[in-house]
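All chains are identified by letter, namely A, B and C, in their written order; residue positions are counted from 1 within each chain.
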């Protein structure tokens, strides 16, 4: 019974992490936006789902938060996603200018982190450090905890499948190609009449949507929101997953998230204790992930399952060419 | 009236502490052409190394511990550059990768510091809370010391930059790397020396920060970064004076802001200042027209 | 000149203290092959950056194909049919040559968000692929079609960039030193390609080049710039005789040829 609970919990984590990794992969892997404040988007999604789901805050007392609509699933989740995308839009409008991509990384992160600190410091609007508790999930009060696990798992699997299919299709479409062109050389892309701001914004908002979805699902599953869970360093693990897996490739990102989050992070739980220090575990997890990331950056910066060259449809007719007719006919593409 | 002056004075002290961190950050960027996204951990390292000297083993006076921490951080920085950053940049010149690498190294450092010292809150042992009236204002000995340390760092930096060969080389590499190489300057050595110098300052900054907030944990650097980056952005990336001005603006703004809005919302001021600068003048106040290549122009062949 | 495709009026741009371009005016007739020459630092590249929209903060006016494109950003200018190459060819490095070309065609249905996941773009994509292969074969780079952009020789990069630009169906090409880095054997081929573009496709071309023999060979009309201004305009024969040009630029070369 216990092992099944553990496994379903792991599966839920995996799905949520997969969604987040796909989101950052869309922003960074595909479009080249180094968003080190990605976790802020996830936090916004989680928070807004929470305040949508919770009943209104009691007028008196120590708990304050805005919102409190008491909506049921899926409306709370959709609200969270919507606000996250709107927030991403705001960030993009502020930061996306004709500046170098590495400076964009600095400005984007600075604004994101400043906002996170702002929210976690403020007790009045956002219930500051205490966070939110008691976020209700779908049918939670009618089911046993065990049955509830499966409901949440089903939700997460469906969500992950949806995001994966959507992002995969985009990745292999001309729009995805546009993202990659933007990533490779923004100036050259501009010279081909691609609007860099539009492409960047679309990729960013798609990633923000995924972040909001992942955040919202965590809020529902954990039933709470606390700023300590949304530290800037959290982006690191997601970034590691994108890079280790294979930046730009949805499948790679997904595999990366399994490798980094499931094996490295969870797996180190099973390592023997060192010197009897129980608080060493998070540090060991962190060290493991950092070392793997540094190694991958050094030897295989494109990841374990790198982006492949595009496959093109078979030619249906011979191209107009200037070679004599004796030239061999062109068949497939690889 | 006196109240406002006092608050401004405290703002100046805050700005002084911030300036040390910000100037070091921006100088290192200027010479190496990439940011250290794990910079917060350099401050954390300084704070905890000082703690190690100050409390646990040696019971060293806090100011000596600060110097020791600065030296340790300096040596650590230059070693890290030689062992990892410089070879990595040679191998993968694309800026994105080194940014991620510094982010990763910072994360690693944080975890190691946590592993060694744990996650409890620590305090450095020092006195100096007695007040000294200076004109209409009152400063504690420590605050005066912070100002002193900051001024010493600023003066030292200015001296090095303008009066030593190293400083001239740093400025040359910062302005135009190719030209500097042609003039016989070795950018790798300059980078090493820069890491040494900025590492020292970062360590010192971490210690005086730890003293300023009294009680600190392994988050100290990470939390402070959200002030350092805006200071550097507002002032103008890559320019030491820019960092100084940015630090002053942030320090004074947050100090004055307390008069108007509750202290917990003072991050809003930083956020607002950041947004304004990024929208109107992304290269910062002292960034030139192109802000060291930040603004997209046609790149030279 | 009746209806020039490109008309530049009083263009001026300064970098910090330096006036890179100081009041330049000229027109390029449709279907012409114009050469832009001048010593280094004359402002030729800056002029191209302004006209193509990479630099926005210039004075003066630029009219293209009857539209006022002053101050337009790069992608809008390109969208109107004014395509440019770069002094150092810019490749999409981690994409194949074929992908490089396929990024270029205008109005791709699959670049819009909804069709990108809902579908409906595959037919157009197939058409574009056919066109891309045709373009690759035309410039004899079909054998490197699956090479990464990073793994090409200098000459291959030039040709890839050129064919990529042509995939956008431009009306005019701005070429910034297209022969730089091209081996002597390939120069003749590239020159022939460019001439064919003008002759067979009616393409208008404005080319910055330093190799005067190529300029003489290909260009109908030559503009000479020095220190941010135009100092002469005309055919190669006219320019050779122009004293200002001789003193500013051609110098010994011309004397040696006995102009």
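Here is the rule we go by: contacts are C-beta pairs under 8 Å (C-beta built on N, C-alpha and C of every residue); 3 or more make two chains touch, one makes a residue touch a chain.
Computed from a predicted structure; not experimentally measured.
J.: Centre-to-centre on C-alpha atoms, which chain is most distant from chain A?
T.: The most distant chain relative to chain A turns out to be C.
J.: Of the chains shown, whose Cα centre falls closest to the middle of all protein Cα atoms?
T.: The most central chain, going by mean C-alpha position, is A.
J.: How many Å are there between the centre of chain A and the centre of chain C, using C-alpha atoms for each centre?
T.: 41
J.: Using CA atom averages as chain centres, what separation in Å is found between chain B and chain C?
T.: Distance between chain centres: 46 Å.
J.: If you average the CA atoms of chain A and of chain B, how far apart do the two points sit, in angstrom?
T.: Computed value for the inter-centroid distance: 30 Å.
J.: I need the residues of chain C touching at least two other chains; which ones are they?
T.: 54, 86
J.: Can you list the chain B residues in contact with two or more other chains?
T.: 296, 298
J.: Could you pull out the residues of chain A that touch at least 2 other chains?
T.: Answer for chain A, listing residues that touch two or more other chains: 187.
J.: Any idea which chain A residues touch chain B in the complex?
T.: Result: residues 32, 34, 36, 94-95, 97-103, 105-107, 109-111, 113-115, 117-118, 121-123, 128, 186-187, 231-233, 236, 239-240, 243, 279-280, 282-287, 289-291, 293-294, 297-298, 301 of chain A touch chain B.
J.: Where on chain B is chain A touching in the complex?
T.: Result: residues 34-35, 37, 84, 88, 91-92, 95-97, 99-101, 103-105, 107-108, 110-112, 114-115, 118-119, 219, 222-223, 225-226, 229-230, 233, 237, 264-265, 267-268, 270-271, 274-275, 278-279, 282-283, 293-296, 298-299 of chain B touch chain A.
J.: Any idea which chain A residues touch chain C in the complex?
T.: 166, 169-170, 173-178, 180-181, 184-185, 187-196, 202, 302, 307, 309-310, 312-313, 315-317, 319-323, 327, 330, 333-334
J.: Give the list of chain C residues in touch with chain A in this complex.
T.: Going by the criterion above, the answer is residues 52-54, 73-76, 78-79, 83-86, 90-96, 98-99, 102-104, 106, 108-113, 115-117, 119, 121-122, 125-126, 129-131, 133-134, 137-138, 146, 148-149, 164-165, 168.
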